[in-house]
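Have a look at the structure that comes next, please.
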Amino acid sequence: MDFGEVLQEIAAEAPQHVGRGKVASYIPALAKIPSEKFGMAVHTVDGVTFSVGDALEPFSIQSISKVFSLMLAMRIVGDELWERVGREPSGNAFNSLVQLEYEEGIPRNPFINAGALVVIDALVTMLHEAKICFLEFARGLAGDPYIAFDEIVAQSEDTHGHINKALVNFLKAYGNIENDIDVVLDAYFHHCSLAMNCAQLAHAFLPLANNGVSRSAEDSVLTARQARQVNSLMLTCGLYDAVGKFAYRVGLPAKSGVGGGIVAVVPGEMTIAVWSPELDDTGNSVMGTRALELFGQITQRSIF
Amino acid sequence: MDFGEVLQEIAAEAPQHVGRGKVASYIPALAKIPSEKFGMAVHTVDGVTFSVGDALEPFSIQSISKVFSLMLAMRIVGDELWERVGREPSGNAFNSLVQLEYEEGIPRNPFINAGALVVIDALVTMLHEAKICFLEFARGLAGDPYIAFDEIVAQSEDTHGHINKALVNFLKAYGNIENDIDVVLDAYFHHCSLAMNCAQLAHAFLPLANNGVSRSAEDSVLTARQARQVNSLMLTCGLYDAVGKFAYRVGLPAKSGVGGGIVAVVPGEMTIAVWSPELDDTGNSVMGTRALELFGQITQRSIF
Amino acid sequence: MDFGEVLQEIAAEAPQHVGRGKVASYIPALAKIPSEKFGMAVHTVDGVTFSVGDALEPFSIQSISKVFSLMLAMRIVGDELWERVGREPSGNAFNSLVQLEYEEGIPRNPFINAGALVVIDALVTMLHEAKICFLEFARGLAGDPYIAFDEIVAQSEDTHGHINKALVNFLKAYGNIENDIDVVLDAYFHHCSLAMNCAQLAHAFLPLANNGVSRSAEDSVLTARQARQVNSLMLTCGLYDAVGKFAYRVGLPAKSGVGGGIVAVVPGEMTIAVWSPELDDTGNSVMGTRALELFGQITQRSIF
Amino acid sequence: MDFGEVLQEIAAEAPQHVGRGKVASYIPALAKIPSEKFGMAVHTVDGVTFSVGDALEPFSIQSISKVFSLMLAMRIVGDELWERVGREPSGNAFNSLVQLEYEEGIPRNPFINAGALVVIDALVTMLHEAKICFLEFARGLAGDPYIAFDEIVAQSEDTHGHINKALVNFLKAYGNIENDIDVVLDAYFHHCSLAMNCAQLAHAFLPLANNGVSRSAEDSVLTARQARQVNSLMLTCGLYDAVGKFAYRVGLPAKSGVGGGIVAVVPGEMTIAVWSPELDDTGNSVMGTRALELFGQITQRSIF
């Protein structure tokens, strides 16, 4: 099948969805992105990349970075991580404090903000320069040493990050943050600020479709089992409070970010990254979701 | 691969897990089931059945019946069903009223009790003799006309069903029950009381592994797309408040019941039914979960 | 001070508040009451009654009956009652199931619906004909043997009482209802249906202002201490989710009902009953609250 | 009546309650206070003080300071304050974030931590040196210019104040904090650290029993109406999640702190301050509550 043609067919539909969502506006750096941006890239386990539209334009990956944080923590922390963070969908908004209070400081999963803060705290405990190690890890996954944090975005997240500051203080009160709050927040805001394009994201997620093996590194990033585990966590927890509807419509493990990106995995075959900045009311890209649904329908791909 | 040998290997491990959970005790008919019961059956899309242990002994399928209710409703009600019930994991216990209140009478998904009550109400609205139609539908799926409700269990559920009575009254107060409360409850308690064995359950779930086609009926029970949708709902909502951990450990769509049964689907290949009455604190069979985990590891099956 | 003049001054202000609230509409018998009804009565511990407007027209006392249920239970059950029901404001709507779930079947106080259902269940356990005993108790308090249940209202409450049916089933599931659900609900709906006028209500509440002594009976309905305890419960729990604002504005113990009645107590001096059917969004009478605020300001009465 | 004898009678009972509660231990400065401390002071509107035990030993007044913050805000901010903070009991623990999330950043009342943070933010907005103004205000109320913040306690609160930091960040996210977070927190921690003794506290609360008039200042601190309003807020919101039971047992407006102090008001007559460091599980002084209950019973004082 010619995935290039499929991507073109999908891209042709993108313009008609402009205006159906809203670009994230909580920080200026995100609010100024034009609504009509659309890029999509497929990367197969055979090493072929297909891309269309703005697939080479970097954007703020935001919560997609939580997958990289988790992968790194699974490598260096191991199963002890799960004593500090759960593996269940939250059934609530991604930044809810309510559930955290009822569950006494154990975040429901590593993809809600509270969970990512705990994961990053675990990295800070284990690594000398956690922020730099994370950056190098992401560069290695993407096979591109020029990937960088967007310092303006990171600074802006800090300025507008009162909810995250509330979360990390709350976690600290329950004893589930080991390091200095400012160090953890600084790492968190930087992780979220990572700027990548669709082609790089598809490349970086390849181990999750390829039994844990990254083609660029030609070695194992994760074990095959860990790769499946990350996929399972993305499927059950990767799309905020829309995991069920996304699984129903698209049927692939995926992680979204409020920058408008979504990266999906077809186990054993390929990864798919898409970018379109307008979000629906659950915080997921409107056209990103539609593009993945179309891709699945046309190519008959679904894990179900 | 010889699935028969795999099942024997798994069955050999079963005795060492006895005592790690607790048999459901809220009704006498369930409480009296011996802890050491263990049965397992695999049914392939080629029509071959493998089974081991107590795989031919009927047990109370309880919430597994919610999958049959949903399949029937998807056939005869269609997408309108989703205006009355959500498709998101609940993040709460299966019989919680809390979420229902915050979400004003729209249950989170069709597999929590409140959601199944709405699905059954929709069936009662559409069908003349909904309870009988449901029974005939289950018989057709299992290819066995002798499958029956266990009237003692149904009566017992009624006697001890105060939470379900609370739920249905609450749904009625929000306008999300159309029919007489007693009729809906009677159907609900009977659906849950269905007695089936592992071989019948594996047979009945086959359409979900086979693009919607039942081999016994040799016609489509669901469209291929609907079959995938049911699988996605099982994966994200099928195991009460343990969907994430189950997906992480087992990696297959599945539905459990407090009778100790779990039925899982390997799309395109087979269905697997397992029964072991002791439950963990999330209400899922301890050895049932372990058996499916082992089956996946040995046969290298996972949707991820 | 001439309380008659005070009442006339207050009544003169009533017409300008018509239209600021909404008459309860969940049952037809309440919905048809004209918005402009206004009555008010004061009954002093010296035995003098002052009244104005529609003070002699019976209306549905609804939740005001919960004070009579509680007084009767304090007489015949005693302090054991507090093992089954709390004494704290709920911080939630009067019919919330959420709090009940978190607190495992112990209602927060006797004036929310769940709490009143438990109080009535305790009466049903202790009394042979609880409903009749309650009616006789209310008649005795009011000094009027003709006070009666409004069977049309009681029937209507039953027909539209899904939330209350949900509550009582939920309480039963937690083991906090001892008697048959239908008997408890029947008593509950009848208590709420009691029809009384402002003069009768002021008369019936007199023991709460008079150290527990009813003038008509010339004997102790409650001990002086119990009377103070009932007053404290009214102050902290008697006005649904508006107890704080009511105490701030009016400064008197009081109990309201969705029929538009409010009865307040000036300890040691008098009782005040007011009726105006339009409710604010917390379920309390708009003009009833205003009338009591004015009464307090003009007469300089407040417990604070 | 000789209040001195009453206090002696109460003090005689204090030793037998030692060991029934737990001294607050979340900061070292509180944890080291001996359990057996007991002091009590009465201050009448005629200007007479009675005291017993450790009534002249300063202790950390903690949340009792919230009454002073509120009084100052009512003077200089006025009714606009109520647009930013509610006047209803919370029905939850004093530092709960849950309710704050459901109610979108408007704290339920000025006596829970979140509410006090908003009150203090309002003071910071209006006053040039809010912290100093507050201290001078408290000194004026107590008639003692030597009252001071305990800098060790304030520093310790800061070190262990993660929940309060979470709260203030959360409020800021909802736009309900106008000033720099660190300034607000610094003021909050200092207010709580105020060290006063029972005699000073009874003196400082006198305006609430005396129509707003402080004897020492011989002028109005509040209007008579405002004094009543503060009393109503203490009665409905002043004892964390035990307001109902306290009103039932004691029947007086009061405010407690985790330092073991409680100050109560008998409107028109006197104020009563008591100190005993052991707390019950709602955070209120065990012997402090008992002492006030005894005082009410012996002297027949209750607002109900």
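For this structure, a couple of remarks:
For reference, chains read A, B, C and D in written order, and residue numbers begin at 1 within each chain.
Note that in this section a contact is a pair of C-beta atoms (placed from the backbone, for glycine too) under 8 Å apart; a residue touches a chain by one contact, two chains touch by 3 or more.
Just so we're clear, the structure is a prediction, and the values are computed from it rather than from any experiment.
At the interface between subunit A and subunit B, over half of the residue numbers appear on both sides, which makes the contact a same-residue one. Using the average of C-alpha coordinates as each chain's centre, D ends up farthest from subunit B. With centres set at the average Cα position, the gap from subunit A to subunit D is 47 Å.
Subunit A and subunit C have centres, each the mean of its CA atoms, that are 55 Å apart. Distance between chain centres (mean CA atoms), subunit C to subunit D: 32 Å.
Residue positions of subunit A touching 2 or more other chains: none.
According to the touch criterion at the top of this document, the contacting chain pairs are A-B, A-D, B-C, C-D.
Interface of subunit D with subunit C (complex): residues 86-92, 99, 108-109, 227-229, 231-233, 235-237, 241-245, 247-248, 251, 253, 267, 302-304.
Across the complex, subunit D is touched by residues 96-98, 100-102, 162-163, 165-167, 169-170, 172-173 of subunit A.
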